[in-house]
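Structure record follows, encoded as structure tokens.
Note that the chains take the letters A, B, C, D, E and F in the order they are written out, and that residue 1 is the start of every chain.
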Amino acid sequence: MEIKIVSVSVPQGSNVVIGQTHFIKSAEDLYEVMATHAQGAEFGIAFSEASGPCLIRREGNCDELEKAAADACMAIGAGHIFVLIMRKAYPISVLNAIKVVQEVCNVFCATANPLGVVVAEADGRRGVLGVIDGDAPKGVESDADRESRKAFLRKIGYKR
Amino acid sequence: MEIKIVSVSVPQGSNVVIGQTHFIKSAEDLYEVMATHAQGAEFGIAFSEASGPCLIRREGNCDELEKAAADACMAIGAGHIFVLIMRKAYPISVLNAIKVVQEVCNVFCATANPLGVVVAEADGRRGVLGVIDGDAPKGVESDADRESRKAFLRKIGYKR
Amino acid sequence: MEIKIVSVSVPQGSNVVIGQTHFIKSAEDLYEVMATHAQGAEFGIAFSEASGPCLIRREGNCDELEKAAADACMAIGAGHIFVLIMRKAYPISVLNAIKVVQEVCNVFCATANPLGVVVAEADGRRGVLGVIDGDAPKGVESDADRESRKAFLRKIGYKR
Amino acid sequence: MEIKIVSVSVPQGSNVVIGQTHFIKSAEDLYEVMATHAQGAEFGIAFSEASGPCLIRREGNCDELEKAAADACMAIGAGHIFVLIMRKAYPISVLNAIKVVQEVCNVFCATANPLGVVVAEADGRRGVLGVIDGDAPKGVESDADRESRKAFLRKIGYKR
Amino acid sequence: MEIKIVSVSVPQGSNVVIGQTHFIKSAEDLYEVMATHAQGAEFGIAFSEASGPCLIRREGNCDELEKAAADACMAIGAGHIFVLIMRKAYPISVLNAIKVVQEVCNVFCATANPLGVVVAEADGRRGVLGVIDGDAPKGVESDADRESRKAFLRKIGYKR
Amino acid sequence: MEIKIVSVSVPQGSNVVIGQTHFIKSAEDLYEVMATHAQGAEFGIAFSEASGPCLIRREGNCDELEKAAADACMAIGAGHIFVLIMRKAYPISVLNAIKVVQEVCNVFCATANPLGVVVAEADGRRGVLGVIDGDAPKGVESDADRESRKAFLRKIGYKR
């Protein structure tokens, strides 16, 4: 067995959500979540079928992002993984809807950061172990940092 | 620390769901989810208590599957893991109910594929890192593949 | 790439929940979940911002637990992780509320056991792969063990 | 304004779920919930479109139940109502899945009892106010009744 | 048909939650939600069985509140209703857990206010139409009222 | 007791969601749901406090819609009701997020139709019994109508 890091880079200004599901139906279901919960968004979805034809299944409303999702999913190379890339929308708007899709097992990450996906490989088959999502923490926030953080969230309107 | 792959094979025609929970109560709660959400199913559940007597706790309505779940859970050997094996039912029917069981932390997989569970072992204690669920993807679906996929889901009645 | 185990020890009598989220807002949102769902609890929350200032963001109603959470989060050193330590409350009371926080991707564990967090490190950046939560299972419960287990859950009132 | 009771009777051995939704898409979405969560069930679904052509939209996998649902929905005569009738399945297996359908506002009842739907009518338009679901209570259970109740639920396997 | 108001008064310092469910199992399930999500709370639960023996089913950890719940449920007199009365806990801590109980259809109210339950009665059978929960609004808040409201929620710690 | 219909009309192009909650905190929580789940939307929220000062509490990012929500809430005149009016967003995108707000009891409707809210009034206090949401159904769809419906949902991209 070998453990490797697969770099996932997404088009400028987009976010990526990666998770584990259990059936081919999740490609369409994730499409419908995006279509109804993230109006105005551009997105692409890929799912790695893990038996039979073993194809990367793909959906989306934007060819560029659909191709980026399929490429990332192929590079990760693990079975039953989905990769969702979105633009003009943020994961915070759709993550709860994704988590209750009936085939979704879990979500590894939702991020716009540089991303490394840690995979285990054995006998030509792979599984995702986890993700390296952005940079390491540099220190603990001070009370002043806390105030800035709270002010920022209120400025963008996410907190009241 | 050592990283190993534990092969999990389930009885013909069955599916397995593996996850992390936080309390012994999850054995009974998962039983009740299966009893009420997958009527007519046969199933076995195992949970690895991780303190005190450290027993594999087990529930189910089918001795064979209960034993298979306990064996798989013992082979994985990590604390606070559950293994659920079902027959005459599919994970798609129960996965959302499992995800909202109050002790469930996450679900690693739900699959009928050959399965390798990747574990880290140190000082005789283990944790699950991820799963190798079925085969690697071989390529990206064509437009014709997409139509076949959609037709298949409509033929089995899962999509309208 | 290197794989390491980070030991997380929490103050006597407390439980820890560790998960992956996707945005700085989760610090306040997890605070509100604890304040409204675990009345009377003491708790501390830390979140590792993974871009820009890369600070450990912190919230809580108890300085000791807030510091313990920040220390554990810094020791884990991965991006977009949260650590929640609680006392006078149990994860079973709040875990479902945590799972539906809109930025939470997944929950690695909820435990009072000795805990090892398995991390992958590359180029000074880290990701959580999984957890070693308590001790390994020692055997499968007998029918008598099962009865004791069920009696215990009814004695503490969790099952009826 | 007038307040009336509409009697809803369902085919022998079936259960009915009635609720309020907000969009025509709910007909297909409820179909998919039944198809994936109640395998082996027969069912019919009706939804009362409340603008434009104002048609009773219908889905299902059983003509008899689809017609029964459409008839009940037409008799109720309120806008944005759904009626779901199922056989060889029980509401307990699908109710949580129905509640998270993205267009569902609320669920008035899920029952096999004789049912009266209370509607308000004004200017030819109607709304559901509530349901009369089965018979009135006759008294409070004794301790012995409680034991019988608990034993019954364990005998049918719903509680452990 | 007659429409009546049933006054529900609860013991000093307690809150009441009233809803519609579809099966006798909900009595135990609501008990387990309270036992695990509202630690330290006193509570009583009643459920009005609507077929067969038509008994008020009751659960709880406090005789006074169990009796109060049964009395209120009997006074309401509708089928498939639950009444939950709690003390030393607030509905905000348990309402989401109640909403996902698998037999719960909907929740009419959660309140400490004087409460009138509006019921329709026909042929000796009743249904709940709605609730009159507390006093009517007297006016719209000013900007100063808004600031006081926000300050209050932060003072009690519910908002950050 | 008197039963009345309160007409609710919303500004051109907007939708309204009305529900029952149990605490003043819901005004801010609903604001945060809209801010994070319906990016780009304009909205106003009103909540009718039912004890103490009994004020219509209001939030929003658009004065016109905040005023419209407060006016509708005042006209309905029942305690513990919320009214949410949105523009440039549809309820389908936010309804599940609203249903899991921790103080929300239920949702009466989500609609752009002409709306009548049926209220019971006694001793100057009111409760919502239900809604008359749009027009009455005129007939059952034919097979051709069904095909048009399905085609329409696929044309707007909501179904795949």
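The criterion applied here is as follows: a residue touches a chain if its C-beta (ideal position, glycine included) is under 8 Å from a C-beta of that chain, and two chains touch if they have at least 3 such contacts.
Nothing here was measured: the structure is a model prediction, and the numbers come from that model.
Participant: Which chain has its C-alpha centre farthest away from the C-alpha centre of subunit E?
Facilitator: Here the answer is chain A, farthest from subunit E.
Participant: For A-C, which listed pair, B-D, A-B or A-F, repeats its interface with over half of the contact pairs the same?
Facilitator: That would be A-B, since it shares over half of the contact pairs of A-C.
Participant: Can you check how far apart subunit D and subunit F are, centre to centre, with Cα atoms defining each centre and the answer in Å?
Facilitator: Taking the mean C-alpha position of each chain, the two centres sit 22 Å apart.
Participant: How big is the gap, in whole Å, between where the Cα atoms of subunit C centre and where those of subunit F centre?
Facilitator: For subunit C versus subunit F, the centre distance works out to 37 Å.
Participant: Show the residues in subunit D shared as contacts by 2 or more other chains, in ascending order.
Facilitator: As it turns out, subunit D has residues touching two or more other chains at 3, 25, 28, 36-37, 92, 96-97, 99-100, 102, 106, 129-130, 150, 158-160.
Participant: Within the complex, which stretch of subunit A touches subunit B?
Facilitator: On the subunit A side, the touching residues are 1, 3, 20, 22-25, 27-28, 46, 48-51, 53-58, 70, 73-74, 77-80, 99-100, 102-106, 120, 122, 124-130.
Participant: Which residues, counting only subunit B, touch subunit E once they are in their complex?
Facilitator: Touching subunit E: residues 25, 36-37, 97, 100, 102 of subunit B.
Participant: Can you list the subunit A residues touching subunit C in their complex?
Facilitator: These residues of subunit A touch subunit C: 3-5, 91-92, 95-96, 99, 106-113, 116, 118, 129-141, 145-146, 149-150, 152-153, 158-159.
Participant: Touching residues of subunit C toward subunit E in the complex: what are they?
Facilitator: 28, 31-32, 35-40, 59, 61, 89-90, 92-93, 96-97, 100, 157-160
Participant: Could you please specify the touching residues of subunit F with respect to subunit B in the complex?
Facilitator: 150, 159-160
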